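Two complexes, one shared chain (subunit A), two partners (subunit B, subunit C).
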Partner chain A sequence: MLLLTCPHCGVSAEETEFHPGGEAHLKRFGPGASDDAFAGYMFERANPRGVHFERWRHVFGCGKWFHLARCTASLEVFGAYPADVTAPPEEILAKIRARRPGWEPAPAAKPAAKPEGDA
Partner chain B sequence: MARYSVFALARNALSHHQDWQRAWASPEPKAEYDVIVIGGGGHGLATAYYLAKNHGVRKVAVLEKGWLGGGNTGRNTTIIRSNYLRDPSAKIYELARGLYETLSQEFNFNIMFSPRGVLMLAQTEHEKRAYERTAHANRAQGIETEMVDPARCAEIVPILNIDGPRYPVLGGLWQARAGTARHDAVAWGYARGASEMGVDIIQNCEVTGIDRDADGVTGVRTTRGAIRTKKLCIVVAGHSGVLAEMAGFRLPVESVALQALVSEPIKPVIDCVVMANTVHGYLSQSDKGELVIGGGADGFNNYTQRGSFQHVEETVRALVETFPVISRLRMLRQWGGIVDMTGDRSPIIGPTPVPGIWINCGWGTGGFKAIPGSGWATASMLANGADPIAGPFGMERFREGRMIDESVAAAVAH
Partner chain C sequence: MADQMTGGAMRWARVAGRGMIGLRLDLGDAALAGAVTGAAGVPLPAPRRIETAGARRLAWMSPDELLLFLPAEEVPAMLEAIRAGFGDGFAMAVDLSEARALFRLEGPGAREALAKAAPVDLHPDAFGPGDFRRTRLGQVAAAFAQVGEAPETFELVCFRSLAEHMATWLDTAGAPGAFPGVFARA
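Coming up: the complex of A and B.
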């Protein structure tokens, strides 16, 4: 049972009060992007054994979405951060590095063709 | 390898069972193989077995990081059925179910296949319609299933409460030839058979890296040294993402925990398998008398083979309404496995972006039943470059919008 703290309302509660929403920071490429870029966004997932950035929603609380950095191998939670960012903030990365010396975030998945715009 | 028989049993009794041979050989890894299969679960072992048996490809190694069947193959609730909805699924699951019927004889090793029947309960109007549709589809596919009414459900399973307050039983999808088998024995039987034909089964051998050059795969690095090959098949279920990362590509797969539990042993109360998918619980009774209970999967990415309290509670609470007689049973053990989920709840069998690397994964919560058919088709694909049964399951189906949607028939809560 995970114990999570919602970064919006500050409530700490058991996992059952929240709902997981899958891998975070997936980038959706807009019109003109290649099929590869779109398939990557739609279907392909990092699914790492270790540090994972993911989306959660405080469904039975304030209802808001947020981000979480968590280890899928130990279930350790490194920290939660707001939903409106496209990459984990420096302070979360610092927390992870402190617990996992040598760990570095994987480079963002690159689309196969140059995207024309973002949407 | 010596055959098992009643005479062997008698002979070995005279020597106090001290002289039984090992069931399969345990060789050192060679420098090179024609085909390397990563993963000694049912699917990897069956692939190696049929490569040798059906295609004469014998320079094959199965590399397993732990022990055979230590992954999901030895952690599942052993339900075998083929009443899926889509035609590609019908082909592979029915091939598997049919092969299960004679595996014990083929292996000279008892896998305890027990075609005791599987009843899938319809407990909402929507579910009933979905199963009616499946029954029609199965008829067209030549798979024997039938839709039965609540009274017949109660006849098949006397301990069933058909008029529960929340989820009354409105009918059921019954497959009489479905059933269970002993999970470890399936892995061991394939290992024994493959080993007899010259396949190297190598345990305690974790693949830690994949080597490739411009033309494709050249070999693997393992905890027991580097091994060369030009043909690699990844069959590691929940660890597919880890191996894909080593090879340098991503998969449309996510790993989550699925758990099961068993009760204390009791006298026989149920002689088939019942699945109650609306309430996320399913039930059968083992030969030892324990009730074997499976529930829903966790929703978040997870590599800890544990499971969670709230799912145990959810599953048991739901089952108690449908099977009131079990309300005072104590639960003995609980465990989890890491299942590899795809978006359409169908497996992936096919080539990968790296030439020479093939993959068989994505069986998620329901791949035990498919082991023989999957191994059969994967071996043929590896030997011939393509296979008609495996074909539709290539991962390009996602980008092509050719999903094989089994989210209803896959049956376990997701």
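Coming up: the complex of A and C.
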């Protein structure tokens, strides 16, 4: 069972007080993007064994969303960080590298090539 | 549905006549926070705490939310006073008196009854007078605070639509033989 600390209210509780919101930092490509890019945003998810970034909501507590970096294999939590960022902050990455030497974040998703003739 | 249980290690009763005002504001904004504390006469609670002054309590719900408990008949005038204090500020005061049901739990078993259903460390060193916690009881969203010490007394709110479920749960959790005695032995 995961033990999480909400960065908004400071409550530490096991995961049943929270609700998972899926993979973090998904990028939605704008108008005119290709079907492939949209399908990637919609359906493709990382499923790593190890370091993973997720969205969580303190649903039975303060109600706020936040981001979480954790290990899917050991359930170790590296840290929580605000919901309004598009990538994990350097401080979280440093904590992960300290615990998982050699680990590097996956490159950010790139939009698939636009079909010809697309405006 | 029963609205109270007497005797045993835990007594509980539904509390009627308590108004509740939901407040949304930037708690770090001295003018907005002052509008609440000034009108209510209750200090601003620290995170995860509840403050009491006379018949009123002010609970910290989230980084931008407070819940004010007060006698029901005081609600209209209080709403007016707080809204006047907010002025054009980005803040909101709403009468939520009918949104939630309020219960009072009392006795040596009250702490343990809560501990059975909430993912909260309820050891007296970890949760004491003035502590307030939004969490779940079983599968139901709830919030509770310790409001008295001798005998130990807690106040508990849950959404009104779930009050009957909560009453049944309190009866079951407080039945003779339903206490493992963890805190009593400690």
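Here is the rule we use: the second predicted complex is superposed on the first by the 113 of 119 C-alpha atoms of A that agree within 3 Å, B and C clash if a C-alpha of one lies under 4 Å from a C-alpha of the other, contacts with A are read in each partner's own complex, and residues count from 1 in each chain.
Criterion: contacts are C-beta pairs under 8 Å (C-beta built on N, C-alpha and C of every residue); 3 or more make two chains touch, one makes a residue touch a chain.
What you see is a predicted model, and the numbers here were worked out from it, not measured in a lab.
In the superposed model, A:74 lies in contact with subunit B only, and not with subunit C. Once the two complexes are overlaid on the shared chain, A:16 sits against subunit B and subunit C alike.
The larger set of touched subunit A residues comes from B, when the choice is between subunit B and subunit C.
Shared-chain residue A:47: touches subunit B; no touch with subunit C. Residues 14, 16 of subunit A lie at the contact with subunit B in one complex and at the contact with subunit C in the other. For subunit C in complex with subunit A, the touching residues are 47-48, 61-63, 65, 119-120, 133-136, 141.
By the touch criterion stated above, subunit A contacts subunit C in their complex at residues 8-11, 13-14, 16-17, 59-64. Considering their complex, residues 239-242, 244-245, 250-255, 299-304, 308-310, 343, 398-399 of subunit B touch subunit A. Per the touch definition, subunit A reaches subunit B in the complex via residues 1-2, 14-16, 19-20, 22-23, 35, 38-40, 42-49, 52, 54, 70, 72-75, 109.
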